[in-house]
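Down below are the structures I want you to see.
Two complexes come next, and they have one chain in common, chain A, joined by chain B in the first and chain C in the second.
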Partner chain A sequence: MKPVWILARREMAATFDSPIAYIAGTLFLVATGLLFFFGLGGTDDFFAGREATVRPLFDYAPWVLAVILPAVTMRLLAEEKRQGTLELLVTLPVTDLQIVLGKLLGAVGFLVVALAMTLVLPALVLSIGHPDIGAIVGGYVGLLLIGTTFLALGVMASTWTQNQIVAFIVGLMLCMFFWTATDALLRLVFDQPPPALALLSFQSQFADFARGVIDLRSVLYFLSVTTLAVLASTYALRSRHWQ
Partner chain B sequence: MTSAAMIQVRDLVKTYGDKNALNGVSFDARAGEILGLLGPNGAGKSTTMKILTTYLSATSGSVTVDGMDAAANPLAVRAMLGYLPESTPLYSDMAVYDYLLWCGEMRGLARADVRKRMAEVARVVGLENVMGQVIGTLSKGYKQRVGLAQAMLHNPKILILDEPTSGLDPNQIIEIRNLIRSLGQNHTLILSSHNLAEVRQICDRVVIIHQGAVVADGTLDELEGRVASRHHLIVGVQTTPQQDAEALRTLLAQTPGAVRVSFSHSSQAPVPTAFFDVEADTDIRTALFERIRGADLTLLELRRKSLDLEGIFQSLTQSV
Partner chain C sequence: MAETKNKSNGRVDGLVMLGAAIGVAVLVNALAVSTAVRLDLTEQQVHTLSEASVTAARALDDVTVTVFISRKLPETIPTPQGKVPLKGIDRAFRDKLAEYARAAGGHLKLVYAEDGSPGVGTIEEQGEAAKLETFSSTEAQVTGSTLKFQKYVLGATFHYKTVSEVLPKALSPGFYEFEMTQILLRLKEKYEQSQLMKEPLAQGKAIFDGVKRCNEAVQQAAKVEEAKEQDAGLSLKGGNDPNQKRLNAMQAAAADLDKACAPISGLVAGDGAKLKGKNRFGDHLVDNAAEFDKAWQELKRATSGQASAEGQPPPAIMVQQLALMLDQLFHEVDRAHQTLTDSPGRKAIGFLCGHDEFCPFAEASPLVDPSVAAMLGQNNPMMKQIVQAAAQISQAIDETNAKIGDNLFTKRGYAIRRIGPDEAIPDDVAALIVYAPRKPLGEYARYQLDQALLAGKPVVVLAQAWQVALLNMQAPEDLGNEMRTDWSAMVATAGNLDEVLKAYGVELSKDPILDSKHVETVRVTGLVNKGGLQFQTQQDFPYALIPVASDFDRTHALTRSITSLSLPYTTSVEPSKELAANEAFEVSRVIRSSTSSLRKPGPVAVVPQTLKQWVLDTPPNGPHTLALAVSGPFKSAFAGREIPKRPAQAVDPKDPASAGQKPTDAEYELAKRAFKAEGKGKLLVIASNLGIEGLSRSDVLAGFDLGKFQQFSPDSIKAFTQWQANFQNWQIRIGQVSHLLNENLQFLSNILDWASAHEALVAIRSKGDARRPMDDLDPDKQKSLRLAALIGSPLLLILLGLVRWRLRLARNRSLNV
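Showing the complex of A and B:
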């Protein structure tokens, strides 16, 4: 695991060396802050609601994450391919899987920093009322899990191209598809989606966390999607051998 | 044939789609030797190196490194190798120091050991003054040194350098060549080049690749001997206003042993000189000299014409 950690450290340093991290981070904080306080079109105004809850953060943050996280991951492998540094990286005595995990872990580092900066919102709510602490903890665990899944999808998109813009657009489409379309597609096919299939929806899996319920099945679900994306990325890296 | 083969390449075939990049390449690199892979652009040198370093897999054939099958033990083989890919790809956003430290740690060296090695390697390749500089701001020559430094950081048994001097200016080329020459004393070294003079200067042995196949394998002298059955000489004679080149040519052609003499070109500076190409079956340099002196002429230049890469290729590929 050591090379994974060494690679992750470099990736995180490189991310915070680039303007992307600051643009994406600022965008995330401004968007979640605005949505938290004013909702969409003032529908659920925090001040008008007169309720000490962090709930709006967990309603809106996944949408924002689905947009900004592919911008963080787009560089990870596409840039290595374009610059030719991939050739040096994959001829180091490390496996392709370790490379993908290192890249992902570096991006998770950014996610953790970004989420940590939103802690000011629950702190504010705590200072004026008595929100449900369990829901806050659950919500953050959920955001970390769904964010990691988005990052894994973004890394996968980045292994498919040497063009960062393409990696971003494909990553964005993947994240948006999994976040919104799984639910919509199920409802398109079924009036009442069978429970087994309903489990495939990101939104329904995430909903429990925001209520403060850390369901092991939901944790496993996001970890499974992440694992599949990591394996697909590793496969894409390996595909150089038979191209 | 002093020591055992460190690298054995056998019947490598690599196809990209329906295009054959390699058609059965085989050669050995012995421990402690500097082997040059020589060939024109697109001959298959880089593809061979990418397979040697386990970046790519061969469609068929095998690479054995220090007794290990490279395809079956890629990590162990990579640990033994230092690799400088073509055009030296580096992380341009990192400082030299941070980059080398990172490379060493990725190779599993302890931080203290990496630092010690970095100091040694920086001294050898001449990077000491730029260790704090960001790689993207370095000149091409310095970037090449950083590439070499990362390749030799873990003191590998084998160094594989793909066109290590391409894109450098003449001074940098000389420096990097000297550096490689000195590295060859402690490593098995394979380098690729399309520059015959470079290979002559650096390499102990040459494998010539042409259109994905080995067309020759040996020392350059052997290869040139095989290719050049005739002796080619270049002769420069000082001319006077009374003589024309044709008269001189006839004079030279009467030299015993000369098979063919042709006028090449003339030059006015620093003294008027006519140059001739002389072909002979034996070494007739002494006879030529005597003939020119006997005619009371001034010999300004007399040298053997070394074959250029194109000439060697033509001869070798025609004979294969």
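Showing the complex of A and C:
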């Protein structure tokens, strides 16, 4: 695991050395803050609700993450491929899986920092009322899980191309597909999706976290999608040997 | 060649590994679907079944739950409170039911209704047949020339042995546990009691089945189709008049109808006579069945042509009217039968009425007897109009009260009963609520309260010492002028609860409690002139007379899980020194106001801004007790005194025989013998009406006296205008605090659960009511907090970046050197 940590640290440092982390981070914080206080379309004033809750953060943050995180992951492997530094990387005593995991964990570091920056919102709510701390913790665990899954999908997209823009667009489409479209597609196919298939929807899986419940099924699901995305990325990375 | 083979093998190996990983992931997730390992992080374990629910689920040995969930639920549905999101609600409902099934350890079986095989109908149709409530979304479908809103259903029926209960509409996931546990507890009680009521229930069912058979036959014959008529050779006789056709068809089916309906008389005389007097719900069923039988006999006469007497409509029209009437009467019988089957084990909560209190029932008698009103109008058409309009106001009051009672209590599963001021409390009333009377309680009502308390029936008293109106309508001084609007009025009510409660060591103050910091808003309605047009506006102001309490006795079931509560126009209540010192009593200060609260003799200036400034300038003297619970060995307030005689009952037009009946000596002797001088009881006193103010005929139609209306005078018109104003004033007063009602109604439900001895339900309900109000913030503070949060964290991130950049520059420079 040591190489993974070394790679992750290096990747995280590289992320925070580049302006992309600050642009993406600022965009994430501003968008989340605006949605938290005003809702979508500015119709939902937080203070008018007169309720000490952080729920709007958990309602809107996954949307913003689905857009922002592919921008963070787009360069991870696509850029290495384009610049030819990937060849240098693979000469090191690390496996393809370790490279992917290292890249992913580095991006998770960015996610953790970005989420930590949003703690100002629960702090504000705590200063004006008594929100349910358990529900807040559950929501953040959910954001971390769903964010990690988005990152894994983004890394996967980044392994498929040398072009960052293409990687971003594919990553964005994947994240949006899992976040919004699975539900709609299932409903197109089934009148009443079987409960097992209905669980494919990210939104359904995330709903429990936002309420303060950590359900093993949801945790397993997000971890499964992340694992599969990591394996698919490894496979895509390895495919260079077969070309 | 070998290299190509290696590449190919590597690709295949990779794909196989990926495929295997997908397979493992699918398998693990599929297996996990049936597990229920959940960590509920919420403070009150809102999403985990409580011990009481687990016990309730395990107490029943064979429950089948039929679940009705529409195939495609809408994203949101409109309600009077706004759009309700339904995203994921079906999953929450399934999950909660599955939790109960697991908790019951195999004794609770879930059956999901499926769209169906022929004859079964859609899930929505099956749900409707099972007495579930359907709901619609805003999306409509155009079918031909009609616009049709799709109906949805989400609910369940619970069956246990011979009894069943319905969860008609499950749209509040926060309350699923409360609703389901309540149903399970109720099923147990209902089954146990129904075993003791087998005979009356069977008699009721026999009567209902007989009436149903007859009605089905009549309605079938009444809507006979053209083709059937032609087959019977009737079309020529009937021509094109549908009523005549109906008559013809019913004459043709007379023998079948007689066969279906003739048994009703026998059932009413036989089973009905046995049932009558045993159970008041049974009495109601028998009375309705008798009415139905009477209408059937009339229909029979009309069909055979016997009823075409002078002054009566032609038989064809009579038959049509009677067929309709029978259908309506059948629905009455159906309702009465449902009430009877639902009655085993259901204890009623009595609401004391007749003192201008909150009394959620229609009055027993109309304001003016229709025959008297008709006589009055013969000489004076103007007076007829006024009396009719007054009767309409009275009817509106009755309908409002009945609707409130139905929506707040009956539909939530409480059986409530009106206790008149001259009425003894019946045995099946398990608890008594005295809800904010604004007139003094008479001796007899006080005696009933006293004896109920000593008999161990929980007594809940809510007080309303003040009536606050920020906009008050008044009749004009001169006829023809518009109604006057007098701003701000705080009027003391005439209740005597302080006197009544003193006898039990409870000191109820009449001084209002104000607060400078922890307050809710009052909603003020006003008229604004804009461009020559008048608009009605509503604005909320923080209001010192609506303190928000958050200091609760956490050991008491009522307040264990409540975070805050707004108590409009509350006063305070304290135990007397003797009561507080008496160890035999358990005294709990259930709710207390904040330390920033202030008790001051009323009335006070009620304009929000003036009051706010005054409260800020006055030193607080809180906290004060706003609700007090006392249990222990109470002594009767009537010990050593002559107990009061029951007054003559008010005239009940439905039962003229009992009108004005006075109690007999024997009845009085019996009452004297039953007198209890002391007994263990539970008393809860809340010094506010929770914002729910009674709407009573005597308050709105104050001074209504038919005798005064014999002659027309301008005073009659003025009195009438004032009644209209009184009705509007009630609406305005309710409107001032209507935004608080939702939360306070939950608390009221807690009170009813506590009074019905279902303390476990109180805690479960409170889990669903997890509202956490934020502090009152002025717009400037809101703006600065918003700005700090919006700019603060991005700024911090950018600063971090700058620091990191500067450090890198410095490091690079040192490396270059």
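We take it that the second predicted complex is superposed on the first by the 242 of 243 C-alpha atoms of A that agree within 3 Å, B and C clash if a C-alpha of one lies under 4 Å from a C-alpha of the other, contacts with A are read in each partner's own complex, and residues count from 1 in each chain.
Operating definition for what follows: a contact is a pair of C-beta atoms (placed from the backbone, for glycine too) under 8 Å apart; a residue touches a chain by one contact, two chains touch by 3 or more.
Because the structure is predicted, anything quoted here is derived from the model rather than measured.
K.L.:
Which partner chains sit in contact with A:213 here, chain B, chain C, both or neither? Use first/second/both/neither.
P.N.:
In the superposed model, A:213 contacts chain C only, not chain B.
K.L.:
Look at the residues of chain A and decide whether chain B or chain C touches more of them.
P.N.:
For chain A, the partner with the higher number of touched residues is C.
K.L.:
According to the stated criteria, A:124 is in contact with first (chain B), second (chain C), both, or neither; which is it?
P.N.:
A:124 sits against chain C, while chain B stays out of touch.
K.L.:
Once the structures are superposed on A, label A:231 by its partner contacts, choosing first (chain B), second (chain C), both or neither.
P.N.:
second
K.L.:
Let me test your reading of the model: by the given contact rule, A:30 touches which partner, first (chain B), second (chain C), both or neither?
P.N.:
After superposing on A, A:30 lies in contact with chain C but is clear of chain B.
K.L.:
Given the touch rule stated above, what does A:16 touch, chain B (first), chain C (second), both, or neither?
P.N.:
In the superposition, A:16 touches chain C alone.
K.L.:
Quick one: classify A:90 as touching chain B (first), chain C (second), both or neither.
P.N.:
first
K.L.:
Using the superposition described at the top, list the residues of chain A that contact chain B and also contact chain C.
P.N.:
Looking at chain A, the two contact sets intersect at 17, 241-242.
K.L.:
Which chain A residues qualify as touching chain C in the complex?
P.N.:
Interface residues on the chain A side: 16-17, 19, 21-22, 25-26, 29-30, 33-34, 36-37, 46-47, 50-53, 113, 117-118, 120-121, 124-125, 127-135, 137-138, 187, 191-192, 195-196, 198-199, 203-204, 207-208, 211-217, 220-221, 224-225, 227-228, 231-232, 235, 238-239, 241-242.
K.L.:
Of all residues in chain C, which touch chain A in the complex?
P.N.:
So the residues of chain C in touch with chain A come to 7-8, 10-11, 14-15, 17-18, 21-22, 25, 28-30, 32-33, 35, 37-44, 46-47, 69, 71-72, 87-88, 91, 94, 115, 563, 770-775, 777, 782, 785-786, 788-790, 792-794, 796-798, 801, 804, 808.
K.L.:
Flag every residue of chain B that touches chain A in the complex, lowest number first.
P.N.:
It is residues 16, 50, 53-57, 75-76, 78-79, 81, 83, 85, 87, 89-94, 102-103, 105-108, 150 of chain B that touch chain A.
K.L.:
Once bound in the complex, which stretches of chain A touch chain B?
P.N.:
2-3, 6-7, 10, 14, 17-18, 83-88, 90-95, 240-243
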